[in-house]
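The structures come next, written out as structure tokens.
You will see two complexes here that share subunit A, one where it goes with subunit B and one where it goes with subunit C.
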Partner chain A sequence: MPDRSLPAEHWTDRLQRFDRRWLFLLMGLAIVVPLIFPIGLPIKPTPMTKAAFNAVEELHAGDVVLISLDLDPASTPELEPYYRSVVLQLKRKGVKIVVVSTWYQSPPLMERWIREAIDAPLAPPGTEGYSGAPDRAYKKNVDYVYLGFREGKEATILRMGNDLRGTFDGHANDGTPLDQIPMMNGVKQLKDFKLLVLVSAGFPGAKEYVQNVQARYDLHMVASCTAVSTTDLTPYFQTGQLEGLVGGLAAAAEYETLVGMRGTATAGADVLNVGHLVVIFAIVFGNVIYLIGRRNARKRGAA
Partner chain B sequence: MTALPFIDVVGAWIGIFLTFCILSFLYKDNPFYKFAEHLFVGVSIGYVVTLQYQDTIEPSLISNLNLAHWWKIIPLILVAMMLIKAVSRRYSWLGRFPLAFAVALYAGIAINAAAQSELGAQIKFASHSLDAEKADLNHADMAELGKIPGVNPLIAKKLVDERARTPFTSVDDAVTRPSLTPAEQADLAEKRGELVGIDAKAAVAAHDKDWFGIASNILLLAGLLASLLYFYFSLAHKGVVGRVSRFGVWILMIGFGASFGFTVQGRIALAIGRALDIQGQTIAPEDAAVIHGPLVALISGLAVVAGIVVWELRERRKAAAGTGAGGADQTQ
Partner chain C sequence: MKKLAPLALGVMVGLYATAEFYIPDWHVRALTSELQSWAAVIAAFAYVLGGVNLIQVNYPKIKRRERDWGYKVVMVVSAIVMLIAGIKWHKAFTAAPGGMVATATGGLPGKARVVIDAPDDVMVKVGAASAAPARVAGKAFELDVDPGKVSVRVYRRIGGFDEFTTELELQAGQIATVKADPAMLWGTQGRVYVWLYDHVFAPCNATMFALLAFFVVSAAFRAFRMRNLEATLLLGSAIIVLLACAPIGGAISDDLLDLKQWILDIPNNAGRRAIMMGAAIGAITTSLRIILGLERSHMGAD
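Up next is the complex of A and B:
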């Protein structure tokens, strides 16, 4: 028999004990369903992403840029789409590339990325859904140089600033002396690069490059970072220390739109939108239930 | 194209299975999650130790040890001093020297970096004039034109060429010049609101005020000062100071809200990454056809669910047996 001396439980009390695992299930559906049935919501590039694109677009054939891949496997969903897009943009312009890393987790990943995106063409003639200029396979130590990883975090970045060759013992990662690689003629320190493209998952990364070498050598830099780091790096874009910033998967989708090659970020953009709707719904739902419950509790208290 | 080695196919299958093991934590802590968690920690540590040895210790230390470069043994001595605590408490103080060296080195780097990029550039930006002007399409350089919504370097160059022939009479005149391709005109038309609207960033006359920019600068300054005031504790936060400080809290909350939003985005992106991996969208279609990601995901999901059901039933049985035994004890 129910105890009639106790007041009846209000519906908001029941809802406040709502099993959160239903929300996990809802989020799971929000991720899986749009992937299977894409909605195709429009993607509009923001000024930060556009500025990053424009900075690369201003390069000319034969210019040498440095790509620093400071990341680990956990950040690939957010950073790989940007990496592929920017490499395509650089290759179709005929820009030479030097690849380094300050993260010990990077090398195995970098080697695969180089094999797939630099050694092989990303958008050969006739690529479906791509209307831009085609790219070609780059040749190692001719069109690009892979310097590899060096331990030392900020100290490595600082040393690259004034002595790139010394930092890597004067050799590319495959042992070829840098003096024997024509594209490295005149490239002795970071300021000899036309642009630094920082693909950064955290520490050390874009922030440490800006702090340690950008102002000192007046370097031109664009960065891509995980969504979590975007608010940390945005002030550097506002001050002009970063010429462009691509923050997270949403911005990577914008970059893919600008480059004209749909990739995994574009595929994930719908999911991101639906996922955010679920989060917004959960926040609003939780707060409305809480506020109604509080008002009801006050009423009961007054009675 | 070479076929995907079988070991890589098995690796992809294990990856999919472990994804479901980790996701099973959303139900509750369970043996599948524990297995994946411990495997991850073990593999990560093994990987880090091996990689650090191969990439750093071996080439930079071991290979460099010889009589000709005897001084290169100093880092090894410093490392040994750091580890001495593990074998002798009496000489543990020796470990402070290498630690002090490392802390001093990185503190020096950090102070210099903060002074240059955080204080210098950030203060310079925050103390710029509150005044803001629209970009003058008839006189701005290419870099400035490139910052206008809808304008890329190619369009900027065309605008510079066009104005050299005939100066622009209006923004609409500029964005409809014949040298712009239909696609470029469409891009600019899409941004028309930002070009000629209330927050217009472009004009055809010099020193045209960007009132939206001015309001934005004032808001930035007010927000900065109010947020700083919130952390100033030498004044009681009452009256006007209290209200300004309250405004500072709102500004901070908006900042934290933006950070939270980006964090949510990052976490959803991780889930998207795994889902795309399982779907086979991150690899070549030929490889995806060999791996059969969705099928393996279905089997893995069912295996994990079945395993959790069995585990849950056993746990309940154990709990019931425990309660029964406890009850029997109490009866005695």
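Up next is the complex of A and C:
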């Protein structure tokens, strides 16, 4: 028999204890369904993304840029699309590339990325859906140099600013002396790079590059970060210390649009559309229940 | 002396690190570079201490079969396996060359021929030609090239193996047979390490991050409440930024994008700057206390 002495439970109270696994299921569907049935809403590049694109567009053939891949596999979905887009943009302009990392989790991942995006062409002639200039396979120690990973976090960034060759013992990761690599002539410090492209998932990353070496050596930098780090880095974009910022998957999709090569970020943009709507639904639904429940509690209190 | 020496060292290095910022001289730069390399060595040595600490903390708990001891076994075994996989054993035990080249005469007139004798799962790149499998249906890769210098790269499709590269100087009518079987590497670029990284570490790492989407939606439902004016403002901003951070925001209205940018540029940046400046002042204060010897907790003293 139900206890009649207790007031009947209001429906909002029952909904407050709503089994959250239904929300997990809804979020799961929001991720999977758009991948199977794409919506394909138009992607409009924002000023921060356009600025990052324009900073790379201003480079000339033969310029040398540094790409710092400070990330781990968890951030791959958000950061790899930007990496591939910017590498395509650099390669089709004939810009030379130096790759480093300050993250110990990064080397096997970035070695695969180098094999797939730098060693091999990303958009050879005849690539479907791509109308830009084709790129070519870059040759190791001729068109690009892989310096590898160095431990030391901010100390490593500081040392690269002061003495890049010393930081890597004067050798590329495959043991080739940097003095024997023609594209490294005149590249001794970070300020010798025309641009620093920071693909950054957290600490140390773009923020530490800005704080430790940007102002000191007056470096030109653009950065890509995960969506959660975007608000951390926007102050540096506003001050001009970062010339462009590509924050999260949505901005990576914008970058793909600017480069003209649709990739995984463009496909993932639909997931963002639906996923964000599910989060907004959860916020609104939760608050509607909360407000009705609060009003009901007041009424009961008044009675 | 045990306390004074590290204190004096800290004061000296701290003062130097501050002063060198204002001294644009190459002697100072060289000394700074040396100190920074020491910092990197110290940071790298922390991994050794970390490894010792891992055993010290977990071994007694495993021995006593404390709660969750099974997970600790997995952690310690994983660390040991990665340590073993990360050592370059191939440098200690194998000295065989990665490949060899033999030349003979024959082939098309006015042309030279490159023949690759390698296993099925090997790829070949000769000169500017596209990469191709070394063997298709049992037939070895052959390519007729113009006489002169030609580069040859023989590598496996998957990472973690050695590769053989050579530069051939060929004359017309010459056939160069490149025999190569790229050996498995050990160390951080080796097959075992890369396999463990790709098939164990990467999926686990990505799974942990992916779970955030589900926690966020659950937290949005349960915790994001309009309890007061500040919470309501936060909630409204969150909805605008969430919408505008996906292409659907632009599809709804361009004004929404402008509003999002305003939120990021003005209120967000104002808050961020306040936090950053506060943290920076705190860091300067702590650094000064260490340099002046007032802060000694890093030496194990109060």
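In this section, the second predicted complex is superposed on the first by the 297 of 303 C-alpha atoms of A that agree within 3 Å, B and C clash if a C-alpha of one lies under 4 Å from a C-alpha of the other, contacts with A are read in each partner's own complex, and residues count from 1 in each chain.
Just so we're on the same page, a contact is a pair of C-beta atoms (placed from the backbone, for glycine too) under 8 Å apart; a residue touches a chain by one contact, two chains touch by 3 or more.
Computed from a predicted structure; not experimentally measured.
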item	value
Touching partner for A:158 - first (subunit B), second (subunit C), both, neither	both
Touched partner set for A:287, first subunit B, second subunit C, both or neither	second
Subunit B versus subunit C as contact partner of A:220, first or second or both or neither	neither
First, second, both or neither for A:248, with subunit B first and subunit C second	both
Which superposed partner A:262 touches (first subunit B, second subunit C, both, neither)	neither
First, second, both or neither for A:84, with subunit B first and subunit C second	neither
Which superposed partner A:92 touches (first subunit B, second subunit C, both, neither)	neither
Subunit B versus subunit C as contact partner of A:276, first or second or both or neither	both
Which superposed partner A:111 touches (first subunit B, second subunit C, both, neither)	second
Footprint overlap on subunit A, where subunit B in one structure and subunit C in the other make contact	24, 27, 31, 47, 74, 76-77, 105, 107, 151, 155, 158, 216, 227, 230-231, 235, 238, 248, 250, 272, 275-276, 279
For the subunit A and subunit C complex, residues of the former touching the latter	18, 20, 23-24, 26-28, 31, 41-44, 46-47, 72-77, 105, 107-109, 111-112, 115, 120, 150-153, 155-156, 158-159, 162-163, 166-167, 216, 227, 230-232, 234-235, 238, 248, 250, 253, 269, 272-273, 275-280, 282-287, 290-291
Footprint of subunit A on subunit B - complex, ascending	26-27, 48, 51-52, 55-56, 60, 105-106, 109-110, 112-114, 116-118, 120-122, 124-125, 146-147, 149, 152-154, 255, 258-259, 261-266, 268-276, 279, 281-282
Touching residues on subunit A, where the partner in the complex is subunit B	21, 24, 27, 31-32, 35, 47, 50-51, 53-54, 57-58, 74, 76-78, 80, 104-105, 107, 149, 151, 154-155, 158, 208, 210-212, 214-216, 226-228, 230-231, 235-236, 238-241, 247-250, 264, 267-268, 271-272, 275-276, 279
Contact footprint of subunit A on subunit C as seen in their complex	21, 29, 32-33, 36-37, 39-40, 43-44, 47, 131, 159, 188-189, 193-194, 197-198, 201-203, 205-206, 208-210, 213-214, 216-218, 220-222, 224-226, 235, 238-239, 242-243, 245-248, 250-251, 254, 257, 261, 264-265, 268-269, 272-273, 276
